[in-house]
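Here subunit A shows up in two complexes: once beside subunit B, once beside subunit C.
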Partner chain A sequence: MTFAEDNVIMTINKKLDGTILEIAIEGRLETTTAPELEAVIKESLDGVTELIVNMEKLQYISSAGLRVLLIAQKTMMKQGRMVIRNANDDIQEVFEVTGFADILNIE
Partner chain B sequence: METLKTEKMKIEATVDNLHEVLAFVDERLEAAECSMKAQMQLDLCVEELFVNIAHYAYTPNKGMAEISMEIDGDRMASVTFEDSGVPYDPLAKVDPDITLSADERPIGGLGIFMVKKNVDDIFYEHKDGKNILTIKKKI
Partner chain C sequence: MEKDNLVLEEYERLKPLYRILERVVNQQLTEATAKAGVGVMQIAHRLKERDSVSEKMRRKANKYTSITDMTDIIGFRIICYFSDQVNEAAKIIEELFNVDRENSIDKRKMLSPNTFGYLSLHYTCRLFPDASYDEELCNLPFEIQIRSVLQHTWAEIEHDLGYKSEFGVPYHIRREFSRIAGLLEIADEAFINIRNNIVNYVDDVRERIHHDKADELLVDINTLREFTKHSAVWQELMDRIISLSGAERIEASPEDFLKQLKQLGITTLGDLKSVVLREREHVLLLVGDALEYFEMDEISSNTVLYYLCQACLVWGDYTEEQAEAFYKASEKNEARRRSRVKKIRKLKDKYLNQ
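Moving on, here comes the complex of A and B:
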């Protein structure tokens, strides 16, 4: 699938279980969609001790997306932890090339 | 093998036009049966370079970007970005330190670094009042 086939470029699903927040991101996390994730993260992390970012349906991440992940990681380091789950091989490679594989908890 | 053909698009350099630029590039990559992986890597480069122009070249005004693309007989894809904005060589920027911890890492600054890591060749020139940046990648 490419962005051109679908008007919805990114979807975010939140699930709060006590102080554990799971955010599932689908589609493309890039220049036009990263601000939306940044807003969701900024308004949702109060009192959260564990942030799970589920990337099972994430197909693409650019530097704009990495920027938001780093903001989330910095915030969560002060109040708990952040975990990345189910990143596909291409996204994993982006993490490795940028050194993000060393600073994120990737499961 | 098809003869070499350069295709061009001229578009206002705004973030809103990013997907139109990506569609232009992807259409040609798909026609050449480019692998999904190489396509994703080229998308990343195109996003970073076009958005850079959109954010910085003409600020606070607006201006145009020209994108030209060709795929040669050896499956080398070339994409060139031209703008008439402020002279700026993104390759002159020092690479970020990717060994820093999350605490020490500055927010942002990875875009051009990711481009360099995902292409086979990249070069910049300033000529006739234009920034001209070309990336090449085997597909």
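Moving on, here comes the complex of A and C:
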């Protein structure tokens, strides 16, 4: 799935393996694209016990994106767990600066 | 007996109204004490059960002809941290509710100067007549007790040990209770003293920071908080970052950075000021970099402290091993530590090894 608006592009790829769902986000997770990620996560979490958010190709994140991660984390805490994988050093730094590193499960 | 039954019937009839009263008073008390900033540890409340009502009528035969003669069907207890806050809470209650002076007791003034014991303020109140409440609701009395946490401790233990037993208590036990009451009264005063000393210390720190005379003060949670709120060099840096990022300033407690500053050898506010002056342009560079991958819409002093530490590690005289040691002191997660050290290496490559 690709969401494009002006120059803002984000791609979301979903892979379901049993009850493990991996969502790979590519590009920019910001005000205009975050609602799309929220919608995708919301419609896909039924029966999921582990949500892996793969950030290998994520280049940019805004507070709107962080909020979506927080919502997903809260949902998954009731039915399993959520892990953030492959965040690059810059995105990792964002989690640290904002205090999200202490809230999210980052591998 | 017949009269008691009538009172109990009245209790059952009015019980739903008492529940409403309990809710209304609780909300008003909670909101008013929070708004006034009184240090309230707890507001407890209860509706007296039918059995307790019955037992009280038995104990005080012929005293009650109506349930509203019993003023503590609804009871509130406000427990304040400090004994001087009892008076602050009392003032709020006097403004908030219609206080029945005749039935209110300041038990703190009932003890003679040479005795020590139960200290608490008891108010009997009603709601002020208000168009939004039934008249019947406004006629129901309720009781509010106000104590400090230490006064509460004493009263609860006294109650738990059954000190008020009708069978009497030996002299030496009564004396022990009095001694403890005296001790707690002194402790209450001592806590007020400590609190006032902290307030005075913080005021003094703030004053010295304002006049740029705080260089020799050691970095601790109070001095760091005041520095990040009031230091001119810090404000200037914050303003430049806000103007660069368009972020909104928010407040956050900087205590997490105490260890990191110590690790960098920053032990006094003078050290911190020098580092800010030395590294401020570098901090702005790092924030500018971060804006490439992060939309900062809120910024706190902690964000600035984060980039200040990072600037020290990149432009300061620190080896990679020292950077590792720095993060080891403040970060337990090994992956995160590695990521931070890698980031420092990348920044050094970008800015120093061109």
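As a working rule, the second predicted complex is superposed on the first by the 99 of 107 C-alpha atoms of A that agree within 3 Å, B and C clash if a C-alpha of one lies under 4 Å from a C-alpha of the other, contacts with A are read in each partner's own complex, and residues count from 1 in each chain.
The criterion applied here is as follows: a residue touches a chain if its C-beta (ideal position, glycine included) is under 8 Å from a C-beta of that chain, and two chains touch if they have at least 3 such contacts.
Since the model is a prediction, treat every value here as computed from it, not as a measurement.
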item: Superposed partners subunit B and subunit C on subunit A - clash or fit; value: clash
item: Which superposed partner A:Val97 touches (first subunit B, second subunit C, both, neither); value: both
item: Of subunit B and subunit C, the chain that contacts the larger number of subunit A residues; value: B
item: First (subunit B), second (subunit C), both or neither touched by A:Ser63; value: both
item: Partner chain in contact with A:Thr32 - subunit B first, subunit C second, else both or neither; value: first
item: First, second, both or neither for A:Gln73, with subunit B first and subunit C second; value: first
item: Overlapping segment of subunit C (options 112-120, 292-300, 310-318 or 346-354) - the one that collides with subunit B in the superposed model; value: 292-300
item: Doubly contacted subunit A residues - partners subunit C and subunit B; value: 30-31, 59-60, 62-63, 90, 94, 97, 99
item: Residues of subunit A that touch subunit B when the two form their complex; value: 2-4, 9, 30-32, 59-60, 62-64, 66-67, 70-71, 73-74, 77, 90, 94, 97-99, 102-104
item: Interfacial residue positions of subunit A with respect to subunit C in the complex; value: 30-31, 59-63, 89-94, 96-97, 99, 101, 106-107
item: Touch list for subunit B against partner subunit A, complex; value: 15-16, 18-19, 22-23, 26, 36-37, 40, 43-44, 47-48, 51, 98-103, 105, 107-108, 110-111, 113-114, 117-118
item: Complex contact set, residues of subunit C against subunit A; value: 290, 292-295, 297-298, 302-303, 306, 333, 335-336, 339-340, 342-343, 346
